[in-house]
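Pasting the structures here.
Both complexes below contain chain A, partnered by chain B and then by chain C.
Coming up: the complex of A and B.
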């Protein structure tokens, strides 16, 4: 659709607006800014607008702080911006979008892996205990 | 202490009403005004109550516009005619009235307990909770969406403490720190009270906390208790905190010290307004009934109040005697 968002992208060919994370911070201390940018731009380069931030490390109260400017997010989504996968997952966690299916799949895979790790521990544990208990 | 200008009853300035409309409408379910207005008991926000409290606060221009610690500037002198001086005084009174708008007195807020979604699938994936804040600029802070996704997958609204913390982080304001200064802890408040800086503490408290947060209410009550214990009512007179202090004392029936202080300073109108307010808030007490029957005014009202309601009757009688003697000698000479 011809809207203000697509008008700004006249310089590039075959690009679109994405809402994604731009990494900042220092060594061993990441900090993400949630940003609406042209898809052809560098990850941390010039963006159209900053829509929020995410601190991936928990703070003194054990919380990961994230801010989202929902009003502007709705504007860019209305302009036809696309979301990167981590951005979709974050918005799913926030409740703005429905939960991403990969979040659910990832959770189930993790649970199955943990179960499998517990079972081999249980089986050799039983195997090693039995010769002791059995006469 | 020369009190400049008139201390007449003022119509509530429009800004006061706007400020209070903002806070009263933002729904607090157990709001003091709405809850109490349903029964006959008057609330802090009633016009009559506000006029009485405002009269008692006094309007000492020298104290209101007392030099605040600022950068050093050479003083600014102006040459004025009598008419210009009156005009300047009138404008100063208007500004002083704005400075004396009382901060709101609200009940402690109810805890928020609202679950938006439960996703059992997410259990065990995360180790820490996520706090999402809506940073849209045009929403009032009370209506902002702040939600928390717990590690067990529950998406719930944030508690009041989490809300306050996020708003302090993302929307800095002058005088409001992200971590509240240790000044507001109980053990440190005593030190500040030793230095007679009650007004500064209350101003800092208003800048830092929300009016219905437990910290705000605790600090205010501690301050009022300390003032009442040491009878230093004059520290808050002619500031915007005086009304709140009087409201607190009347609700707990600890008005004797304040009454004695007023009589000693020859502020009889203030004393009568204090007792009128007391009767408005406690209409079933004996002195209220006697006052209504006899339609008493002035000194008689104080005498009836002293006889029936107060604990320190002797002191009040002494103060009244001293006042009457002073009036007699001044009128005689």
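Coming up: the complex of A and C.
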């Protein structure tokens, strides 16, 4: 059936194709390649196919740039590839897959934390202003 | 990406109300998103190794250390579990879609490589003809089955009727027998009638000195006369 994957999978036991991030770049300068590889391979080792890249550091305009090969992504997902969690989150944010639940949950938590930080600032500010103005 | 799911259920179990053993710690945690929640603290957490191997003993400064798991808000947990469930549903549907696409492409490639256009056309035509034949046969089969069902029902009802009639006849027979017996019972000899009947028999002697032929008639004339 799926010849490229199965010929390379020979030699490993209990492994599967995984779409994940392979780290490259230099010190203090990471760079991820979105890669379809055997799950038992090293993170930066031999892969089946590169499906895109991600630059985690924001560029001059404050954007984090990523590139995706959606056609081949569909092929590998149809062949039964698993996704790593950051890969799922990235694809959710890109719109190819539905948003990951933890993305939404993290955003909610952040919002709540910011509200809580603002309220103590507002409350002491009001408290310090009222005794000054009221009596 | 599915590891969070089974790990969350023990987290939910951990969210039990219980006394806070170290109030200082609770105060230090602050009024977080889980106010009023005192999880049952069990000293278990995910270990992480730095310089020491698993065979090195822990340091003396860590003697009284109580390692606590991160606190979990049960409402948020339920919400998150529901979101995960829906997310996985959508993902599996998408995977099925992509798989169908891949298989379709493979099939088309194989056909295009092996088989020419006319053969494809003929294959499609024959498949259509086959479908029509199947439909026709199905219609005929359904008619036949309907007729057989009706036949079965009719036979069953006939049998039931016959049974009912037999039952009625039988009951009538039994009724007649009972009435006949009741009639004959009037002539029985009972202990009360015994004396009277004996007197009656003795008063009316009967002569049974006769012969009968094979048909049951009394013989008036013998052979030697």
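Brief remarks follow.
Please note the rule applied: the second predicted complex is superposed on the first by the 127 of 135 C-alpha atoms of A that agree within 3 Å, B and C clash if a C-alpha of one lies under 4 Å from a C-alpha of the other, contacts with A are read in each partner's own complex, and residues count from 1 in each chain.
Simple rule for what comes next: a contact is a pair of C-beta atoms (placed from the backbone, for glycine too) under 8 Å apart; a residue touches a chain by one contact, two chains touch by 3 or more.
Not measured: the values here are computed from a predicted model.
Placing chain B and chain C on a common chain A by superposition gives a fit, with no clash between them. After overlaying the two complexes on the shared chain, residue contacts for A:61 are found with chain B alone; chain C is out of touch. In the superposed model, A:93 makes contact with chain B only, not with chain C. When the shared chain is aligned, no partner comes close enough to touch A:120: not chain B, not chain C.
Residue contacts after overlaying the shared chain place A:70 against chain B, while chain C stays out of touching range. Residue contacts after overlaying the shared chain place A:14 against neither chain B nor chain C. Rounded to the nearest 10, the superposed model shows the Cα centres of chain B and chain C diverging by 120 degrees about the centre of chain A. In the superposed model, A:80 lies in contact with chain C only, and not with chain B.
When the two structures are aligned on the shared chain, A:111 is found in touch with chain B, with no touch to chain C. Once the two complexes are overlaid on the shared chain, A:101 sits against chain C while remaining clear of chain B. Taking all C-alpha atoms of chain B against all those of chain C in the superposed arrangement, the shortest distance found is 14 Å. Common to the chain B-facing and chain C-facing surfaces of chain A are residues 99, 104. The part of chain A that touches chain C in the complex is made up of residues 1, 74-75, 77-80, 82-85, 88, 97-102, 104-105, 109, 112.
In the complex of the two chains, the chain A residues touching chain B come out as 52, 58, 61-72, 93-95, 99, 103-104, 106-108, 110-111, 114.
The touching residues of chain B, counted against chain A in their complex, run 116-117, 119, 121-125, 127-138, 145, 147-149, 155, 162, 165-166, 169-170.
Interface residues of chain C facing chain A in the complex, by the touch rule stated above, are 1, 4, 33, 76, 79-80, 83-84, 86-87, 90-91, 94-95, 98-103, 106.
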